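You will see two complexes here that share subunit A, one where it goes with subunit B and one where it goes with subunit C.
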Partner chain A sequence: MTVITCQNVTKSYRSYNVLNDIQFDIKENTLTGIIGRNGVGKTTLMKMIAGYTEVDAGKLEVFSENPFNNLIVSSNTVFIDDTMTFPESMTIQDIFKECKRFFDRWDNQLATRLSTYSGLHPKTKPYILSKGKRSIFHAIIGIASRSPLTIFDEPTNGMDAVVRKDFYRALLKDYIAHPRTILLSSHHIEEIENLLEDVLLIHNQTILFHGSITDLQERFITLMGTEQKLGNYMDSDDVIALQKIDSYVTLTMKNRFTEQEFEVMRENGIHVSNVSANDAYVALTGKSKGGIDDVFN
Partner chain B sequence: MLEASSSKPIYLQIADWLENEILEGTLSANDKVHSQYQLAEIFNVNPATAGKGIGLLLEKEIVYKRRGLGTFVSEEGHEKLLAERTEERLQKKINALLEEAKRLQIDYEELLQLIEKSHRQQGGEEN
Partner chain C sequence: MYLTKPKLIDIVSKQVRFKLNANAVSFSILVFLQLLALALSFPSMTSIDHELDVSLVEVSVTSHVIFAVLWTFFSGIHLANCTKWNETFTFVTTRFTHHLSNFFYMVIASFIASVMTVLASPTLRLLTYMRYDEIPQSPLTIIEAPMDFFIQFITAFLYLLLFFVIGYVIQSFVQMNGLLGSVYLIAIIFSLFIINGIFGVPLISNLVLAFLQERSLFLFSLKVIGAIAVLFSLSIWMTNRLEVRKS
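And now, the complex of A and B:
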């Protein structure tokens, strides 16, 4: 079943075009990473899906409904980011109580246990928490709500490395036990690539890639060797990143090779290695052929 | 165990890990293999990725599926793995040997003599 359908959707802020004619579908119970550079419209897209902002043009459907101002969508969706606000008079336990009333599948026991584990006192008011602790509190609401559509916009902002790891682990465990559709945005793809099933990569107002994380990893290959040996490949249109130090060249390029061709390369002293999803992302969205190195040359 | 920094895709690493479990005898014929959800928890990866690892072994018929019960090691799984790995690794070594001989300008006849000599020295039977 498809949970989100996005057809020819366009969104601008005044004259600034954020998303242009994008399309994709999100299947039920997948965990998808929304990936992109700063300011490419990840938050805008997720806010449209959650029904917070309206699309300018095109068709966006969530649970087969137009999400904007829609009760069915909002009662089945939770949107977590670091700007969530709660009435200042409410304590953590008060908020959990309200969550229980609002979210059908809310697991209060899980929320309480995660809070205790994270050192959050039930009588604390969230606005006095540090940035990191507040992020933890928001993340707990996101996990314990068990919403059929759970959206995390940069949930680990402000969390330290240990907490981030715990958060991803908790999310994975609860997702395995209670599958639901999850969107997770981050610019730290290396932290989440093993957690994801799919990736939606946004770049230059469009969807640059939407597919499984393994497809993204296998789409590219890195070749390393001397300029003399790699000369044949360097001019190819398939090259997406090239680094040259003296005569030693590192190429990241589209993987159109067979295993036999790799064998031949290895025999010729070319080092062949796979590309992580993060490297593929950096190569795809960075400056092609030359990057930061060129600034110094 | 798995290495996040390894350039090998994680599902291939999971497939390798399962193959080693079978080769080392931790999993015998008709034993139940970890489910994709167990593997996901063990290796901290998405269940779909873990499922791809199991899928590779299914394709090679090293494991088989029983509807509603799970995935099990096939009768000939261990042997298939032995054959596959031997073939793959031995073949690679032979190729490397031929390459090296070429580099040293040793022709094929000479190489065969060298192999026979080594074989005799190791107490092998003479042809």
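And now, the complex of A and C:
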């Protein structure tokens, strides 16, 4: 079953076009990463899905309903980001009580255990927490609510590396035990690539890629060797990224090679390797020319 | 996939409860203001004729009324601000259920404020008795004239709810238009005075007098309920497309 259907959706803020004619479907019970460079419209897209802002044109459906001002969508969705606000007078314990009343699938025991593990005292008021601790608190609400559609917009902002690892592990464990549709955006794609099933890559106001992590990785290949050996490939239109340190070159290219061609490359001393999801993402969204290296050349 | 099918009434009642919990501090402020008003209005004896040994104890609930009106007005502004808007959307809501629950919250808060205001008079009379062994003369005691007491309560409740909604609609307007909202608002009020000055049409004073001069409780109630309905609908209309967690 499809949980989110997006057809020809366009969204602008005044004269600035954020998303243009985007289309995709997200299936039930998948963990999808929303990735893209800063300011490409990841948050805007997720806010439209949560019904927080309206689409300008096109059709967006969540649980077969228009999410804007929709009580069914709101009842089955939780949106976690670092701008969540809670009443200043309420403690963590009070907020968990409210969550229990509002979210049908809320697991209060899990929320309490996670907050104890994270060192959050139940009598603490969230507004006095540090940025990292506040992000942990928000993440706990996201996990424990077990909403059929759970949206995390850069949930690890402010968390240190250890806590981020714990969060991803907790999310994965709970997702396996209680499958649901999860959207997760993060700048640390290298940290979440083993977690994600699908990736939705937004670039230049459109969806550049939507598919499995493996499909994304298989689109590219990395060749490493001396400039002399890679000279034939460097001028190819398939080159996505080129890095040169002295005479040693690293090329990230579109993968159009056959196994026989790889064998020839290896015999010629060219090192062939698969790209990580992060490299594939950088390759798709970065510039082959005019990159940061050119600033120093 | 099993989806939660919520009922509007359930969500609204959960939100009202959440808002009552979240704004508990606001009620503490109301209690503080009423105690302050009590201190300010504490009956003192004034000697008006020394030869006949006549003294006057005057009891007035004006401070209680003023504080209650100010409390409801600023509570209305507070309730419709951006933070409260985002707080509600942390849980289950739509823009409409948010407004509806806010309205019920305002009804409850106005009810409590009006009860406190109306009870200020018997409290002061009791304090006077305890202090001076005299009970001030008043046509409005709940035992002697329960209907008058009831009218007093209804009037206070409707006025307080009206001021609550006025504060709410002003803040909704500001929220919709951002920083320019305040400028627009001042311009609108200023233009009403200009209309008065140039064309001699006292719109504001006519509007205020329409409520103040009304002698029939039924017509007064109709006018206030009508005004509340118009203002509240305006507030819903203004914010029905408003973004949540606007960056």
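Criterion: the second predicted complex is superposed on the first by the 292 of 297 C-alpha atoms of A that agree within 3 Å, B and C clash if a C-alpha of one lies under 4 Å from a C-alpha of the other, contacts with A are read in each partner's own complex, and residues count from 1 in each chain.
Just so we're on the same page, a residue touches a chain if its C-beta (ideal position, glycine included) is under 8 Å from a C-beta of that chain, and two chains touch if they have at least 3 such contacts.
Keep in mind that this is a model prediction, so the values were computed, not measured.
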| item | value |
| --- | --- |
| Per-residue touch tally on subunit A - higher for subunit B or for subunit C | C |
| Subunit B versus subunit C as contact partner of A:218, first or second or both or neither | first |
| Partner chain in contact with A:8 - subunit B first, subunit C second, else both or neither | neither |
| Touching partner for A:90 - first (subunit B), second (subunit C), both, neither | second |
| Which superposed partner A:247 touches (first subunit B, second subunit C, both, neither) | neither |
| Which superposed partner A:226 touches (first subunit B, second subunit C, both, neither) | neither |
| Which of subunit B and subunit C A:108 touches, first, second, both or neither | neither |
| First (subunit B), second (subunit C), both or neither touched by A:98 | second |
| Subunit A residues contacted in one complex by subunit B, in the other by subunit C | none |
| For the subunit A and subunit B complex, residues of the former touching the latter | 30-31, 168-169, 172-173, 176, 194-197, 212-214, 217-218, 263, 267, 273-276 |
| In the complex, subunit A residues that touch subunit C | 1, 3, 28, 43, 47, 50-54, 63, 69-72, 74-76, 79, 81, 83-87, 89-90, 94, 98-99, 101-104, 148 |
| In the complex with subunit A, residue positions of subunit B that touch it | 4, 7-11, 37, 40-41, 43-49, 52, 95, 99 |
| Footprint of subunit A on subunit C - complex, ascending | 1-6, 8, 11, 14, 17-18, 21-25, 83, 86-87, 89-97, 240-241, 243-245, 247 |
